[in-house]
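Here chain A shows up in two complexes: once beside chain B, once beside chain C.
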Partner chain A sequence: MTASHQSPADAPRTFDVRVLRQDGPGGASYWERHRVPYEHDMNVISVLQRIAAQSRSVEGDEVAPVAWECCCLEEVCGSCTMLVNGKVRQACTALVDRLLVDEPEGIELRPMGKFPVVRDLVVERQRMFRALEKVRAWIDVDGYYDAGPGPRQSPEDQEVAYPLSQCMSCGCCLEACPQYTKVELTRDPGESDADFQARQDQTYDSAFVGAHAISQAVLFNSHPTGTYNAGKRLDALTQEGGIQICGNAQNCVAVCPKEIPLTTSIAKAGRQTTWHQLKKWFDQ
Partner chain B sequence: MAKQRVMVVGGGLAGLAATMKLAELGVAVDLMSLVPVKRSHSVCAQGGINAVNDQTRQLGDNEWKHLDDTVYGGDFLQHQPLVHEMTLWGPKVIDLMDRLGVRFNRTSEGFIDRRRFGGTLYKRTAFAGATTGQQLLYALDEQVRRWEVDGLVTKYEYWDFLGPILDEQGVCRGCVAQDLMSMEIRSFAADAVIVATGGCGLIYGRSTMSTVCTGSAASRCFQAGAKYANAEFIQVHPTAIPGADKLRLMSESARGEGGRVWVPRKPQDPRDPNQIPEADRYYFLEQRYPTYGNLVPRDIATREIFNVCVHEGLSVETDRQCVYLDLTHIDRRELDRKLGGILEIYEKFQGVDPRDVPMKIFPAVHYSMGGLWVDYERKADGRLVAGSPKNQVTNIPGLYAIGECDYQYHGANRLGANSLLSCIFSGLFVAPGVKSWLGTVPGGAAAEQPAKLFSDAHAAQKSRQDAIFKRPTSHDNPYDLHFNLGNVMTKAATVVRYNNNLREALQVVSDLAERANRASVVDRGDWTNQNVVFAKAFEDMLPVAKSILLGALQRDECRGAHFKPDFAPPGIDATEPAEKRRQAEAWCDKFEANNRQWLKTTVATCSPDGDPVLTYEAVDTTLVPPRPRLYGLVGAEAIEEVWKERARKKNQTPPPDSVVASM
Partner chain C sequence: MTRNEFIIRRLHSLSGLVPVGAYMTVHLLTNASVLDSPATFQRNVNQIHSLGSVLWVVEWLFIFLPLLFHAVLGVVIIRGGLPNVSSYPLSGNVRYSLQRASGMVAFFFIMWHVFHMHGWFHFDGYLKSVAEPLGGAQFKPYNAASSAAQALRSGAVQVLYAIGVLSCVFHLANGIWTMGITWGVWVSPAAQRRANYASIVFGVAMSIVGLGALNGMSRVDVEKARQIEDQIYDSLKGSKTPEELERDQHKRDLHRTADAEHPTAEESPTADLVLPDTVPRR
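Moving on to the complex of A and B:
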């Protein structure tokens, strides 16, 4: 790798950022252009920070700061997913120097398309967490009192499981998946918090769970204690919205920032569910 | 009585541990967080979590030694019974996290593997790859999700805690918060509120912390009457990667594997670092500390790097402080094998391969030892009273604090890998105490308190926001003011502290507070208005910033992370034995006198205008008698000899071998 483009000499003084904005759920979206002074070591997050501080578009109009999500700035929390120059990725690892080499015209930012837009680059990803409930992505321990150490595990098993346990619920895999389609609900007038939540959960449950949740089911099914409830997870994966929807397009694995072997997980889950179905059928 | 509920604010390790334990005890919990709890700052921790284990035990380790390492590392500023209890729970906490499914690294026999961290001789640290914090947090997040499905936990994610609600007797009856999407401000009735909102690194602008670590929640409690303790103790990590948005940690292992720290002798030498010949390089750590070289302890490395840039003007770059951390002399394959993971982080964020080009690094604010003052109840044997409602309670009855936002456990300086332990421990430990409080809380359930209590609290927050919207357009905005605050704080109150700088900084921060009161926001809308949320968070950083500065200004000594060159005790230089002895005696006298004055917790209360007022409180050091840290000091052996004699005379008993813990 060369670092030549990093030298301040040939760096631009400013560069332009086009942001696809939307003021609220269901509203119309519109493009807005911002001009940002170049600094070293910028990433898309620092660009958005400068845009917020300027609060002015290229045309000189005073505009509200662009809304976006971030937290860790180290690609471990999963907050900052968006489309940067058309590619779904974490904004915190999107380095300006690299982006400008690929696309000297400037940077384009859009919100994810598979989730409802809350505002600008902020989207509603509650559906991802609901999927984790659906596949029971946890260990059913007896309780939190002292009960000695957990089961011993071989280093080989740890090495297989550890990558799966790094899933940060960023949603890149879902954005890229042709089978994962957007579900957007609006609250009915007079609908209570609880009623809306229930309707939402139900709708989410009938739509595709997604690669991340399938992989989590595989992770917990591989845990010595987790395996006790493997059947329940496999049941969830064969319900409506389950693994059968996956068309094996393999887009998910290509975009996962944590390089989680999603297609391997999906294949494993496929085999496990098939056996599980057969077994249930024979046991009848 | 109406059903009681507990509000947990913050879903990092501490908040999640408390939530899941309360749910197990049958208590209904509302869990509130700025970000979905799975995205909390705790995910950033890489290194690991400390606890005594079977292997270290056989090498002579025990919980008492873990206690000793922790209080020695913290320069004796922590109440020892709390640390004692935490170290006793350590092994049980690891066992629990193991049962919850954390994929810790394993030995070939399938046991949890351990590594060694700074400040101890034992391999106490359990780890899960390079993402221990993430793995621990996920395990707790998963358990809380389980309780959510069972209906005992209700989450309020994307909510900003605006402050506690206190009744006329000063008892906490709930809190006010704001939905970050709809901007609705709402009062929540709660029979206890547990604040678990993490550190306050953003007061320094950029740090190794996450963007939500503003300390605003703790500050809102402080401004509502909660005491804030030891604010001036802020840990600075020697090696971080400077970025425009964040300073990312570069692990100590880079130096451990042979990394050399240097700057060009010619200030801001424009040459490519690889073209600068040896003779023109200044390996300042190797030169000044020939014995330890690049592996001097953290605080010394931090101070020297800071010094060479800030005071000697030898920073590599003109517009920014940094030095080279050079690995390019080491074989690529060896680097990949030993440091692969962490070098990838550098490459990912800097776009430069550190195997070819020296890394640029600089110290960065990393951890807040100080925080909300909390109480505890101890027994005569130095353990805590389990289930006491006093454990982790602030001076406001019903308001609790746990995790990085409390001031306990780490004293003047935190040991690596002890924080994850203190967070989970305090979360688990607070739960039975809160449950006891629920049984005795005076005046009925929170939900049955007069409606006016809640509507007034709501109105106060509403008018705070309206006032911000009504400000005339000013050329100050909260983002620029925050940038200024970061600069002032980083200059005056990090690695090396001088009273005149601190005094000046206090003035600047007071001016910033004035300007903050007039700063306008561009966005006055009522939908996902991040602008006004940040404006409020920024304003609330200022009382804590002032407490840090005032605490540092008044504390005329050196202790842990707080270093004032003007008050650093010199070593002893005599060579003639009698004179040497006399000097060592004098040194020890001075040390004892200093402890009598400064081995004290700094306790800040917030006056109505946001200015802190400080008092000092005795520290419980009844378990391990304080002793000097003599690392690298000239004449250390002579001083140590005198010190040991004095300890023997005072008949201080040696620590017991092992203490049995119960959970």
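Moving on to the complex of A and C:
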């Protein structure tokens, strides 16, 4: 699809944006309505910039600017992921002209529901990165000695691996997954940073790792060098919160903005963990 | 529990196919043999009951316990998820929710069905004083078709059975498909699509078998079937010891609700209880 450079013939002069706001972690959320003057070729990021510039709700009250995150503005960093009209996607590629065709009433923005809200549309996605650590989503190349060039990867394998490498850790697959449920911890009074971090890591590790981490484990298991640590990744995937939590709803693959074959990765990881477990039982 | 989560979930997945799903397939096919004739069904039931005193061990070990394990863990799994069909109305997601809903329906249906037909336990005192007064234990293995037909006489019961059977069949057919992904049997989208077609064909076929069995049972001529069944029972009697005959009494339909004015023969179980003559002829 290409972006439409023509605004709808009946383009409105203004349109309303409903934002689910939250002033801080653990706080109560509330809806706020903003009226934004229509311009050609707006995306949700430029809408949020207008809202910040106005800092005024529809009722005319002066309000704090709505907080959001964005970075690359070309759907490769994942930081502006949020719920636009109830669907998880990147705000930068959510084009207003198209949104208004689908929903002429206006636009509804909500923070992702599976991660703790930091403020307004900004969420804390540490759990996602903790999961990548858990499954060793990297290749061990650092060492004291020059290990020489790595083994070669066939073009066929590269073609399988490349789509998986496009993951930008945006969290869409997790947001849409019915098996990935929100984990939000609050710091106990007097708990140190390190203690809280440790408790949080432990809690995250026992919850579902998610499709993105399973797919990354499959990616690095398929890599000629990464395969040396395949056993460790499969061990991680069979720990508490591992691949066994997947319920095969297959929402992940449907919502992935990079069209990564996540359910193929999940089935591959299913096969790898099956053999891995049998080997552990009968070979050791 | 949490340390062995992977193994436990895989056992849950496996137990759904073997033995629970395999048992259900055999069960529905056996029941559908009533469509041939009550005598065929009776002979199939006799085959199962030829296991005699070890039958209950087989039932508990290979049917009830795996079923309870699958059901209890299934509830744990359901509680761990948060269905979101309204936000993401995708076919896989709908099936995810239906798998959980059909599992719950199947669980309550099977618990009721086993009580309704079987009574849950075999102790004579319990069967007489608890299960039967509560409407349970209505299936009598040596009067298989006639007692099943009587148990399924009411239209409401038939509707509940149809809902229950279809839930079980959907749960198994969809479960086979998800199981193949879980274990890594079908991996690529194309393979998953082919497996999906195969499980749909299986599900439709088993629905026909299950509803056919239900329909066949409800159309059994009770009096005629009872005569045939009693004849088959009489032909078996020669090969049984008095103890076995005594033990088998709860497996026979001796109440004969259809002719309540006749005295029942429960008092002398080893005597020739039911001669074909005692069955009122039309």
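As a convention for this text, the second predicted complex is superposed on the first by the 267 of 284 C-alpha atoms of A that agree within 3 Å, B and C clash if a C-alpha of one lies under 4 Å from a C-alpha of the other, contacts with A are read in each partner's own complex, and residues count from 1 in each chain.
As a convention for this text, a contact is a pair of C-beta atoms (placed from the backbone, for glycine too) under 8 Å apart; a residue touches a chain by one contact, two chains touch by 3 or more.
Just so it is clear, the structure is predicted and the values come from calculations on it, not from any experiment.
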{"item": "Clash or fit, chain B versus chain C on superposed chain A", "value": "fit"}
{"item": "Chain B versus chain C as contact partner of A:S55, first or second or both or neither", "value": "first"}
{"item": "Superposition-derived angle with apex at the Cα centre of chain A and sides reaching chain B and chain C, degrees in steps of 10", "value": "160"}
{"item": "Which of chain B and chain C A:M112 touches, first, second, both or neither", "value": "neither"}
{"item": "First, second, both or neither for A:I45, with chain B first and chain C second", "value": "first"}
{"item": "Comparison of chain B and chain C by chain A residues contacted", "value": "B"}
{"item": "First (chain B), second (chain C), both or neither touched by A:A131", "value": "neither"}
{"item": "First, second, both or neither for A:S165, with chain B first and chain C second", "value": "first"}
{"item": "Minimum C-alpha separation between chain B and chain C after superposing on chain A, in Å", "value": "21"}
{"item": "Contacts on chain A seen with chain B and repeated with chain C across the two complexes", "value": "none"}
{"item": "Touching residues on chain A, where the partner in the complex is chain C", "value": "86-87, 176, 178-179, 181, 206, 238-251, 254-255, 261, 263-264, 266-274, 277"}
{"item": "Touch list for chain C against partner chain A, complex", "value": "2-3, 5-7, 9-10, 77, 80-84, 87-88, 90, 92-93, 95-97, 99, 178, 181-189, 192"}
{"item": "Interfacial residue positions of chain B with respect to chain A in the complex", "value": "20-21, 24, 35-36, 38-41, 43-44, 92, 94-96, 98-101, 103-112, 128-129, 131, 134-135, 138-139, 142-143, 145-146, 148-149, 181, 210-212, 242-246, 248, 320, 345, 347-353, 356-357, 428, 477, 479-480, 483, 522-523, 525, 527-531, 662-663"}
{"item": "Footprint of chain B on chain A - complex, ascending", "value": "1, 3, 6, 23-24, 39-43, 45-46, 49, 52-53, 55, 62-65, 67, 69-79, 92-93, 95, 97-98, 118-120, 122, 125, 129, 132-133, 137-141, 143-150, 152-155, 157-158, 161-162, 165-166, 168-169, 220, 223, 225-226"}
